[in-house]
Amino acid sequence: MGRVPAHKKHKFDEGEPLAPWREKIHEIIFEADTGWGKAFDVVLIISIFASVIAVMLDSVDTISAQYGKILWAAEWSFTILFTVEYILRLICVRRPMLYARSFYGIVDLLSVIPTYLALFLTDAKYFLVIRILRVLRVFRIFKLASYLGEASMMMKALKNSQAKISVFLYTVILLVVIFGSLIYVIEGAENGFTSIPKSIYWAIVTLTTVGYGDISPQSPLGQFIASCIMIMGYGLIAVPTGIYSAEITRQAISDHKTKEVTNNACPVCAYEGHDADAEYCKKCGAEL
Amino acid sequence: MGRVPAHKKHKFDEGEPLAPWREKIHEIIFEADTGWGKAFDVVLIISIFASVIAVMLDSVDTISAQYGKILWAAEWSFTILFTVEYILRLICVRRPMLYARSFYGIVDLLSVIPTYLALFLTDAKYFLVIRILRVLRVFRIFKLASYLGEASMMMKALKNSQAKISVFLYTVILLVVIFGSLIYVIEGAENGFTSIPKSIYWAIVTLTTVGYGDISPQSPLGQFIASCIMIMGYGLIAVPTGIYSAEITRQAISDHKTKEVTNNACPVCAYEGHDADAEYCKKCGAEL
Amino acid sequence: MGRVPAHKKHKFDEGEPLAPWREKIHEIIFEADTGWGKAFDVVLIISIFASVIAVMLDSVDTISAQYGKILWAAEWSFTILFTVEYILRLICVRRPMLYARSFYGIVDLLSVIPTYLALFLTDAKYFLVIRILRVLRVFRIFKLASYLGEASMMMKALKNSQAKISVFLYTVILLVVIFGSLIYVIEGAENGFTSIPKSIYWAIVTLTTVGYGDISPQSPLGQFIASCIMIMGYGLIAVPTGIYSAEITRQAISDHKTKEVTNNACPVCAYEGHDADAEYCKKCGAEL
Amino acid sequence: MGRVPAHKKHKFDEGEPLAPWREKIHEIIFEADTGWGKAFDVVLIISIFASVIAVMLDSVDTISAQYGKILWAAEWSFTILFTVEYILRLICVRRPMLYARSFYGIVDLLSVIPTYLALFLTDAKYFLVIRILRVLRVFRIFKLASYLGEASMMMKALKNSQAKISVFLYTVILLVVIFGSLIYVIEGAENGFTSIPKSIYWAIVTLTTVGYGDISPQSPLGQFIASCIMIMGYGLIAVPTGIYSAEITRQAISDHKTKEVTNNACPVCAYEGHDADAEYCKKCGAEL
């Protein structure tokens, strides 16, 4: 299948316009603003979710025992649907190879392959791997999430505060390493802290305020150290929140500010972005 | 009972003014600013809380065994009180049907029906359902919460950041699905991760930093994955907080700004939005 | 002892100036800016903490068994110290009764009484009550916390957002009541949800992301409901944080703004608070 | 070894320039902007992490049993590497004593000593202490973290809100002491609350929303108190977050503002702080 796009590539590389029917398909599959495009997206999202849920239910013994046949049928119909979609996508783009190599192209391919693999790899030991690969279909939704301007805006805020966040993460790692090693020495193997990595796992469980309780300090000193980590973790959460809040707030406020500026261009020099209450152009001094 | 408002409807649909005694009742029940109205609200809130607490206590075996009779009496007195109130509400509004069909009308009805149902549906299997319906009375308090301007302001902030929040929720779902499936493969049934849904449940418990510990990873790799989810969840909480903080801050600041500006227009050029302490119009120089 | 201030009251009620030696004591005890006053505060804080720690250690069986005598001695020396201090406070204020009736006056009294009570109430059943009363000494530190301007500023922010916070608290209560009752019906007594109050307790444990795991849902539906509560609680935490952040930010920014204004008064009309870059007084038009 | 810098000190104290080859070493070790400097830093970071991971793995019985030899070799090679580095640092600075006494100097020394100590202190009881000392190498990364401007900016924000944070911490301590003592009296030893310190530990576990569940209240009243602590802790987290968010936001905004202003002074009146897009001086009207 990998070679199909390869030879298609030859056909289209000159980038000459697509045949009308291809244009049509392209419009339906890739564009969200036309009626058919919307319908297609909705159907796609639903079937993706449905297929993922099918995989999940299939993993519940009682359900797979009872409805195994139905789930199997559903799985195959979804797979065929996605396969057709994948091929259509390859057909209706100018550079199939580019799409096939892109992140979403690979995700699309991975969302159909496992089911076909299951035909050949009947060995039980591949079974789980195939199942997990099928769950990864959920990534396909990303494609639609990427439509949302909000998402990109939030990502932008995240990117801007990336450096700060990495400093924060490093601090967290440093803390859990040190406190983990400390508790390992204080509590020791008899209280479940059998090794430094496990103690660090405990420190993470505690610092992030998850607190499973599968391992917990028994000695007074250990409990004191634990208390310190907890209060630290309880306060430390302020750091990422503060960073991100500040970033979003700054964006929100700066948006807000721009709203206070008029869009009227100067009649003389056509300069835009005057203060809302300006009366003379600050570029050429002409009256607005 | 449903028909009562129906025929009342005929009587009032022309919307002619209510009889004075109906006006009076309306004032007491629906208005909060008069002395009687306030008193009525207070009594209502107390009796709602009391009745809900009665239902709760009734569910405690030891208490219901000892004070069953008293709770039964209380339940009926509350029910009758609420029934009377409900009827009065229907009587003193111009369009009883509108009220009966409204959210609060239905809540009010639901808060009295179950007790009457209990007379006919003596079968034990309806018992719990009736009890839960009775707890729903707590919704009636909403009516009074809706008085608070604060609530609406907070809801507004929530609405404004709705799109962002849904992106956040989607991200959370995506993460728990992927990590849940992953841990299901890594840990497997022998460590309690018997199915993908259950593993996703665990992932939610971990990502939200709840950490029951009823299921927890045993293998080193599983614990490593868990650590990743924890730190992710620990940092991810910054996102909704950041969004909401930014929204509230923007509102607070914009409120703050407007407070500093007077609404007095300039008597000469009628320009508005002068600084609170300005004495001369900044447009035409006329004295304010 | 309660009567002592009562007759003192007669002596001082006219409010005539204190005798110099009383003035001196007053200065040392009540004022923090003089050398002696500072020293006194430091000694006081240390002895308060020490006495509280003594009470704590005394509650540890192994320690009280070994060092019981020492702790007993410490307890008495602290009590005598605090008693002397209390009497001095009564002596050196003009209106002892006012002080005795004030919050701190009562706290001071409560911090010494229990030890004396222990002499008469030797019965074991009063023992714990007395111990807990002795712990309440920790409240005395408040007096010194109140010196910090920071604290008052934070309290102010809290007060400003009080209405919002109460709305939030009410929402939390509503959610836990409804979800608690729901889970009680779904899971039932066989999974540990023996009564609605207990189920609500579980809902609080889950919504606040504490997650003891002493009770946890077993049925798939129950775990689904639990997941909803968790995600709700995980997102809901944004609300108080957002409210408080916004409040503090607004204060911080408004402080910040005032910094951008010059302190130069107008030479003519002496009006202050001009914009940093203003050249003409906006009150009288005089050049600055 | 401590004496080496001591006598070097004599040689360099006059602060005369270093010999060229020393200059070169200094450049490589202490400066990050040259090619060699960068390479050195990278190698250093990797070897620090590697050595710390080696210590961790060594603490896992199964691993140390199988790969003990390799880990021992790795440990020694890292130690020798760090020793060489330490000596080089001493050689190529003008005032070795200053460096040796500095925080990082001590950390560097501590990161090599334990392995040598292990040769003499073969007694098992020193074993753990030595291991923990070896983990402390992780502190060496700090040196590189200190390069990041972000870190310092975040620390600044933390410093600015230090007073507020300490007030917050004090409040937390006060709450856990009071609620801890309360629960100790209510639940008592039979439910695991064997002493006040342990009860306070539980209160911290609960307030910080960690919730191990190793100790949890059994009596209805105890569970009610616990609920109060949880909701308190759930809301209280808003305080540090609010403080820190406000601080960061203020910094971010003030940065933001300054970015919008040019530093070009007016050529005529030398007035500074014009809008980035201003073309005429707003003071004297001269063209910028």
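Observations, loosely collected:
Read from first to last, the chains carry the letters A, B, C and D; within each, the first residue is number 1.
Convention: a contact is a pair of C-beta atoms (placed from the backbone, for glycine too) under 8 Å apart; a residue touches a chain by one contact, two chains touch by 3 or more.
These numbers were taken from a predicted model, which means no experiment stands behind them.
Listed by label, the chains touching chain A and chain D alike are B, C. Of all residue numbers that take part in the contact between chain C and chain D, under half occur on both sides, making this a different-residue interface. Of all chains, A has its CA centroid at the greatest distance from the CA centroid of chain C. With angles rounded to a multiple of 5, the C-alpha fit of chain B against chain C returns 90 degrees of rotation.
Rounded to a whole number, the gap between the C-alpha centres of chain A and chain B is 31 angstrom.
Chain A and chain C have CA centres that are 43 Å apart. Residues of chain D in contact with at least two other chains: 168, 197, 200, 209-213, 233, 237, 241, 243, 245, 247, 249, 253. If the chains shown are joined wherever they touch, the resulting network links each chain directly to all the rest. For chain A in complex with chain D, the residues that touch the partner chain are 163-164, 167-168, 170, 174, 177-178, 181-182, 184-185, 194-197, 200, 206, 209-213, 216, 220, 223-224, 226-227, 230-231, 233-235, 237-239, 241-243, 245-247, 249-250, 253-254, 273, 282-283, 285. Residues 52, 55-57, 59-61, 128-129, 131-132, 135-136, 138-139, 141-142, 145, 148, 150-151, 153-154, 157, 165, 168-169, 172, 197-198, 200-201, 204-205, 207-214, 233, 237, 240-241, 243-245, 247-249, 251-253, 256, 277, 279 of chain A are the ones that touch chain B when the two sit in their complex.
Of all the residues in chain C, the ones that touch chain A in their complex are 209-213, 241, 245, 249.
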